[in-house]
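Right, one structure below, let's go through it.
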Amino acid sequence: MEKLKNIPWQEKPENCNTVMWRYSENPIIDRYTIPSSNSIFNSAVVPYKDGYAGVFRCDNKAVQMNIFAGFSKNGIDWEINHEPIDFKAGNTQMIDSDYKYDPRVVFIEDRYWITWCNGYHGPTIGIGYTFDFKEFFQCENAFLPFNRNGVLFPKKINGKYAMLSRPSDNGHTPFGDIYISYSPDMKYWGEHRCVMKVAPFEQSAWQCTKIGAGPIPILTDDGWLVFYHGVIATCNGFRYSIGAALLDENEPDRVKYRSQPYLMAPAELYELTGDVPNVIFPCAAIHSEKEDKLALYYGAADTVTAIAFGKLREIVNFVKNNSL
Amino acid sequence: MEKLKNIPWQEKPENCNTVMWRYSENPIIDRYTIPSSNSIFNSAVVPYKDGYAGVFRCDNKAVQMNIFAGFSKNGIDWEINHEPIDFKAGNTQMIDSDYKYDPRVVFIEDRYWITWCNGYHGPTIGIGYTFDFKEFFQCENAFLPFNRNGVLFPKKINGKYAMLSRPSDNGHTPFGDIYISYSPDMKYWGEHRCVMKVAPFEQSAWQCTKIGAGPIPILTDDGWLVFYHGVIATCNGFRYSIGAALLDENEPDRVKYRSQPYLMAPAELYELTGDVPNVIFPCAAIHSEKEDKLALYYGAADTVTAIAFGKLREIVNFVKNNSL
Amino acid sequence: MEKLKNIPWQEKPENCNTVMWRYSENPIIDRYTIPSSNSIFNSAVVPYKDGYAGVFRCDNKAVQMNIFAGFSKNGIDWEINHEPIDFKAGNTQMIDSDYKYDPRVVFIEDRYWITWCNGYHGPTIGIGYTFDFKEFFQCENAFLPFNRNGVLFPKKINGKYAMLSRPSDNGHTPFGDIYISYSPDMKYWGEHRCVMKVAPFEQSAWQCTKIGAGPIPILTDDGWLVFYHGVIATCNGFRYSIGAALLDENEPDRVKYRSQPYLMAPAELYELTGDVPNVIFPCAAIHSEKEDKLALYYGAADTVTAIAFGKLREIVNFVKNNSL
Amino acid sequence: MEKLKNIPWQEKPENCNTVMWRYSENPIIDRYTIPSSNSIFNSAVVPYKDGYAGVFRCDNKAVQMNIFAGFSKNGIDWEINHEPIDFKAGNTQMIDSDYKYDPRVVFIEDRYWITWCNGYHGPTIGIGYTFDFKEFFQCENAFLPFNRNGVLFPKKINGKYAMLSRPSDNGHTPFGDIYISYSPDMKYWGEHRCVMKVAPFEQSAWQCTKIGAGPIPILTDDGWLVFYHGVIATCNGFRYSIGAALLDENEPDRVKYRSQPYLMAPAELYELTGDVPNVIFPCAAIHSEKEDKLALYYGAADTVTAIAFGKLREIVNFVKNNSL
Amino acid sequence: MEKLKNIPWQEKPENCNTVMWRYSENPIIDRYTIPSSNSIFNSAVVPYKDGYAGVFRCDNKAVQMNIFAGFSKNGIDWEINHEPIDFKAGNTQMIDSDYKYDPRVVFIEDRYWITWCNGYHGPTIGIGYTFDFKEFFQCENAFLPFNRNGVLFPKKINGKYAMLSRPSDNGHTPFGDIYISYSPDMKYWGEHRCVMKVAPFEQSAWQCTKIGAGPIPILTDDGWLVFYHGVIATCNGFRYSIGAALLDENEPDRVKYRSQPYLMAPAELYELTGDVPNVIFPCAAIHSEKEDKLALYYGAADTVTAIAFGKLREIVNFVKNNSL
Amino acid sequence: MEKLKNIPWQEKPENCNTVMWRYSENPIIDRYTIPSSNSIFNSAVVPYKDGYAGVFRCDNKAVQMNIFAGFSKNGIDWEINHEPIDFKAGNTQMIDSDYKYDPRVVFIEDRYWITWCNGYHGPTIGIGYTFDFKEFFQCENAFLPFNRNGVLFPKKINGKYAMLSRPSDNGHTPFGDIYISYSPDMKYWGEHRCVMKVAPFEQSAWQCTKIGAGPIPILTDDGWLVFYHGVIATCNGFRYSIGAALLDENEPDRVKYRSQPYLMAPAELYELTGDVPNVIFPCAAIHSEKEDKLALYYGAADTVTAIAFGKLREIVNFVKNNSL
């Protein structure tokens, strides 16, 4: 991965006693940033050239969901294309795509892979790739519907591509656990294993209804650091918070540690109000192991995009010391 | 219709790129404006004498729903009666009315007709009239329960009164399409036709759960302009937005155009928070074709009343150019 | 009405202590009686010429619902047409009819009127007429959807046609009360009144979930005798039984008596098993006041057609003496 | 009860026309007041020594629910222990307690009794006591699951302890009425009576879905003053408001008066947004009959703790004059 | 307990390989056995004088639920009173009883105690007693609603009355575990303990939705033998089967053994069809330890009453050898 | 495939006018055929040596679901093993299998492949193989949960294994369409395509709720003949019927014909009553193209196993002539 010169960063506020803290100028991307948009959130960011590239979920004012490319020098100020990504055929004669949302992006070997929730008779995991964020290629869907939150590992594991996902149903799925699947070729998938399930209500209620992987896993000395969202069903709807887990490096279906407390939960006005109140949903993270910095991108209230920061080492230790 | 001297108006803000924009002093009517009220919203307004008269939904602090008359010189500052409208018998021996809400008002021929959601063993469409907004007469309900959002056309069509409505059920109806019915006499109704149904999720998700007519239709060169509310069911409840359609002048069950994007969706704090968050619900519009001005009255968060503005011609063109 | 020479009849069995009893050769019409049928039930019968004519609900083997004409000398052995009724336009340019089911037939003045549950964007009440059971004419639907069990009175009341119906929703409606509406012309309907609602569970549980009118009301010295179905929701589904009420002759929204016990409930194997177990559903009755005989036609298990008998006078007295 | 020197108080604002008003510095306890907390709300307060003691519901950042002791000089500024209450066995060999929430505290005879919602195979009513808010003892649960909002009377009635409660189910109970039960010994409970049920939607919709007792009842010349929460189910979730009732002094299952309008409903931003929007939930009140002052503690949005004030006499009269 | 001269009995059929078998003349009580009845089932039987007495659930033809006394010489042929039991006040000023169903009867010390599901603002456990099955006395309800299947132990345990029950909700409860409670005086109840919960679907699906105690527990050398019903929710409704458990004699909340396979499940036509198909529900057992005989009374399809037989010793061994 | 000497067969009854007919001695396998069984149904059969082998779903009396091998000379009289199949590792280190049900069996190239619904954190498609029906090997699950009705094609298509399946949820799935997926190696699966969806209610209601493939597809001159089950949701539960479709030989996601009427629907007592009434569910077919005979094995009422017969050519023509 390229050297990161400009990782977005702000030091921890003085009176802050939590392991992660919000950017003071949040949200960094407003809902109406491009002319057609109703909301911009749950989007992916990756270092690219001397800055950053991103794939953004922009719902338009017909509330159609699609993904758009964008670019930034500093990871905070973004130029987002006004037209959605136009895919060419990758390893498939082009399949239907009724909608696209919640993208993730990762560089593996020679290209940037994109996964997203793809509308094919219901939600499932779409896969595409690009070399330059200008030309994009779409591949076969990874799975049968219904599935959401497909997240690739940033390198092959035991010679195979590996993907986390969350089997779902065709509505506002009221359940959801994280699984892993493997592929020799990004076309055929198998060896499906359950990685982690929702927590018991009594032990960790913020993640008792459903969970799903967020940003691309980060390899640390303690294994793969996976940020994920957890959901509790209150009498006034779903509330999405953020936690993290550490998976075994070589057998990533083995959970070594998993945060019992959340790392972040909805608390700011731009998280508490919007199209879907009380949602924070992470889809990307930029980190520098050398500088021990991590910037986490998350959607807020299904409406805007925000950033939070943390020390990578502190986060790992927090997960280890507060494990379920 | 009387000449409009004082149509409420504010020019479009400079950086605004949408076809409609909000009044800067919204909300215009606070929830506690009259002593008994818990909320004042989803109300009807009509030019009257040298100003405006209105019929207002005021839920009291027992959360009983009723409608109240009110008056204004400028359409923005309102005096609302402290007692609800007391109806006398019109064309019926008085029928039960457990509650009244979401009124509309229209002048036809010689009098002001009022329709509302009337509680008769569940919600259905109540009809009444007044000549002076002092004495009110109640007629037979138009339909069997369950129905909501009964909206009269401002003139007879092919010699008959015409009414839009939305068949419903006895709860928080999770479905709803717009129908039209005709009556020779405002007492017996028939010739029911389906006008328009919810949109497919993939094409226009903001109106995929239910839709219902809003203000009295406005006759334009392109047919009847009908503002309507559209609803999407998110995992945190219903979200009500505003769109518009153009119906054929003489066969109003024929939809000529219908906005794929919404015209307005909840975005301001007084729309995002309140008794029912994320609701904007239009019930009345004042317009001047000559001045090409339109003021749209809408309830916000089922709590307060607000106004938005638009150029009538621009709105019509927007619907034609962005049709589903 | 024509003289009835051959009213179907069987004397009450000796050890029978109930007010109604079943025909010993039930069911009288098997599910596969015509080549295309999956089931024949919930059908209407009327004296015609020197025998009987009927309109039958026959669901075909694609489980499409339609209505068919049929004829019988004795009211028990039936010849049913193999093709469904083909309607011509009556008082409407022909409207959609996605399906037709649960017909009722009545002679008023000069013709036989048929009402049924008509599929027009959901169930509502279709109306048609015939003079000869060969040529049929379809009129405007009486109501907006959603409605079922539209049953005409056999003569005008206060100069207007009168119809009972049960407002419903768009699925397996879990609620339902009986209303009455009036029409001067069989085209426009109004003056809707609630006639009777479900009974409290503690008082009469068999009719605590929903109720709906069955055969054409029969005028007696004690008012209109209305057989109706009542439904209880058990943990294994809906159970449909049969009761009766007496409505005021001139103000038929006034209930004079209403049976607290059921008259009949599912008990025979052809009622307990079939496409929808535990359903008996009356749609027609033949009676002779002079002979004090009544034959009640009912669908059993949504699969076959059966008959039960009773003395008209005894039934009326039972309702009066066992009133809710 | 001890003399109250420092009852929290603020005079009614000039333009306020309601019987209760909020503290201008609300919320008094922030969600992050102690290091582990996600939220602090629905908590109990009682005069203690020359100030106040309290038992606080603090959900931690794993969203585990527990109760914590705290102390204050003035009832507004609180020191809350960082560790939850550690109970010793009272009249039981210690039973399971999966979680504890929504505590109430009352002094009877010689000690402070605490009741709360106790997790024992689902929610039921836990009972404990303390003499000094340092050492705490847990007793047998009052009832079988499922139950919530157990509230003791501040003295024995007819020689027996008396407790209000709300039978529930094992989820976000969509129903709920207030019952009373009696015990000779705080161990065995019986003589269960229904005290008051939800109100009909048409009469008082804010309390039409469920109701539950709040603070310890206050004995007045007009009987027991009981503040309670009432809930309405909107299409966007439950909304919790506050009302009051007056129960007969000696036969407290007899309701003398009950407020048709609410006393308070969610309206401030800290009530409209938070973990569970649109919730105000009272659990404690401090009053001085001599000074005619009452301070009501309530949880806001299941996130923070707030106070409202009222004149005791005015509140009682309001309930009497606006009774359902 | 009196000597049993005539315990109902039939030897095991030759080719039968199950531990229990049905009476060849089942059902023993038809649904129409008394004039008013719609169904007679879920009833209790106890040795009385030189024969048997019973308390029977007879739903009448209005489907009102009540309990009736009856008598038999041989336990198979029954005379059931035509009028329901008329209770006098026992230890309560008479409380409401909207309905009564599913009785159990047991002799303790000096009288016959009856428990049943009592309608008091929903189902809860009613208690009564009789000395002679002619005069009956009603006591306070044991618990707050909602509860069902209250079953007393036939002797005091540690000096207190003990009762099994199943906390429920106010509908067709889709959950249910068995608890025990104690009372010093049959008026106040406490010391509630969970006894056994539903089984995991993978281990014993017939009892994975809800379970509830059936007949009075039988003391054996291996502890209390408790027959209970278990329920699985199929896509076509609830299916009730019968199993058994052995509880510790002195600490009956301790389960020693519990049958993984059912003892009996619906299989005969009178169990598979009726008002509620696929229900067998045991409420009473007659046994003779000396003769090693047991006759189990159970309701079939919520319609009729049937008997099954088994060797007491074989049943106990079966439970021990096939324990969950 | 081996020559079939003894294909089970019975000529069409004389008065039968349907394309398929039942075996007169149905059911062929009773629910209690092996000592542990509660029910034997939804099972697979394949020609083997000079007779037939089968894999049977036998739920035991704990209602645990598992699959058992069995053998028959004539396809009608079966010997079923008393112990379930004990799998060894095939292409996986053995994964969890909480339960197994609804097996299918097919011979491809050198071995018999078995697929079934496998319990791995919910239902998904298990795969195994055997050479001799004595030793069995289990492979990786084909898909992530949740899935049911995985059915292999009897030969590779375009060089890859092909499997039909029905994505589901974790309960009594109320939706379901048929998809196809491909695999180069029986381990990794991809190229998922939707094959056919439920039919519109108005066109073919028996298959409007969900559909799922049944027996192994049969290659005919008109393409792949696929029997499938279709489900309608009545107010008394799901009703399962049987239809057939013809898929393109080389592009089997292309439907050429699909039966609008059902081929068979529940009508016999052993189909209408049992553990799950009104279910007929086909899992296997034996056919002889030369003799133009087909025997269809189906589960009845989730309780027993039955057979129906048809002329292969007639069935194909029926599907072509009655296509949706």
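By letter and in written order, the chains are A, B, C, D, E and F; residue numbering begins at 1 in each of them.
In this text, contacts are C-beta pairs under 8 Å (C-beta built on N, C-alpha and C of every residue); 3 or more make two chains touch, one makes a residue touch a chain.
This is a predicted model, so every value here is computed, not measured.
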By the touch criterion stated at the start, how many steps lie between subunit B and subunit E on the shortest route?
2
Shortest path length from subunit D to subunit F (each step joins two touching chains):
2
Quick check on subunit B against subunit D: do more than half of the interface residue numbers occur in both copies, making it same, or fewer, making it different?
different
Among the chains, which one keeps its Cα centre farthest from the Cα centre of subunit D?
F
Would you mind telling me which chain pair, A-F or C-F, is linked by more contacting C-beta pairs?
A-F
Among all other chains, pick the one whose mean CA position is farthest from the mean CA position of subunit C.
A
Copy-to-copy rotation (subunit E on subunit F, CA atoms, range 0 to 180, rounded to a multiple of 5 degrees) logged as 120
Dist(centroid_CA(subunit C), centroid_CA(subunit D)) in Å evaluates to 55
Rounded Å distance between subunit A and subunit C, as computed from the means of their C-alpha atoms
59
Counting in whole Å, what is the centre-to-centre distance of subunit A and subunit B, each centre being its mean C-alpha position?
41
Can you tell me which residues of subunit C touch two or more of the remaining chains?
236-237, 273, 277-278
Please list, in label order, each pair of chains that touches.
A-B, A-D, A-F, B-C, B-D, C-E, C-F, D-E, E-F
The subunit E residues in contact with subunit F across the complex are 17, 202-206, 232-237, 239, 260-262, 265-267, 269, 272-273, 277-278
Subunit E - residues contacting subunit C, complex:
31, 35-36, 38, 59-65, 98-99, 119, 172, 236-238, 273-279, 302
For a test of understanding, state which residues of subunit B touch subunit C in their complex under the given definition.
92, 95, 120-122, 124, 140-147, 165, 167, 169-170, 175, 177, 179, 181-185, 187-194, 197
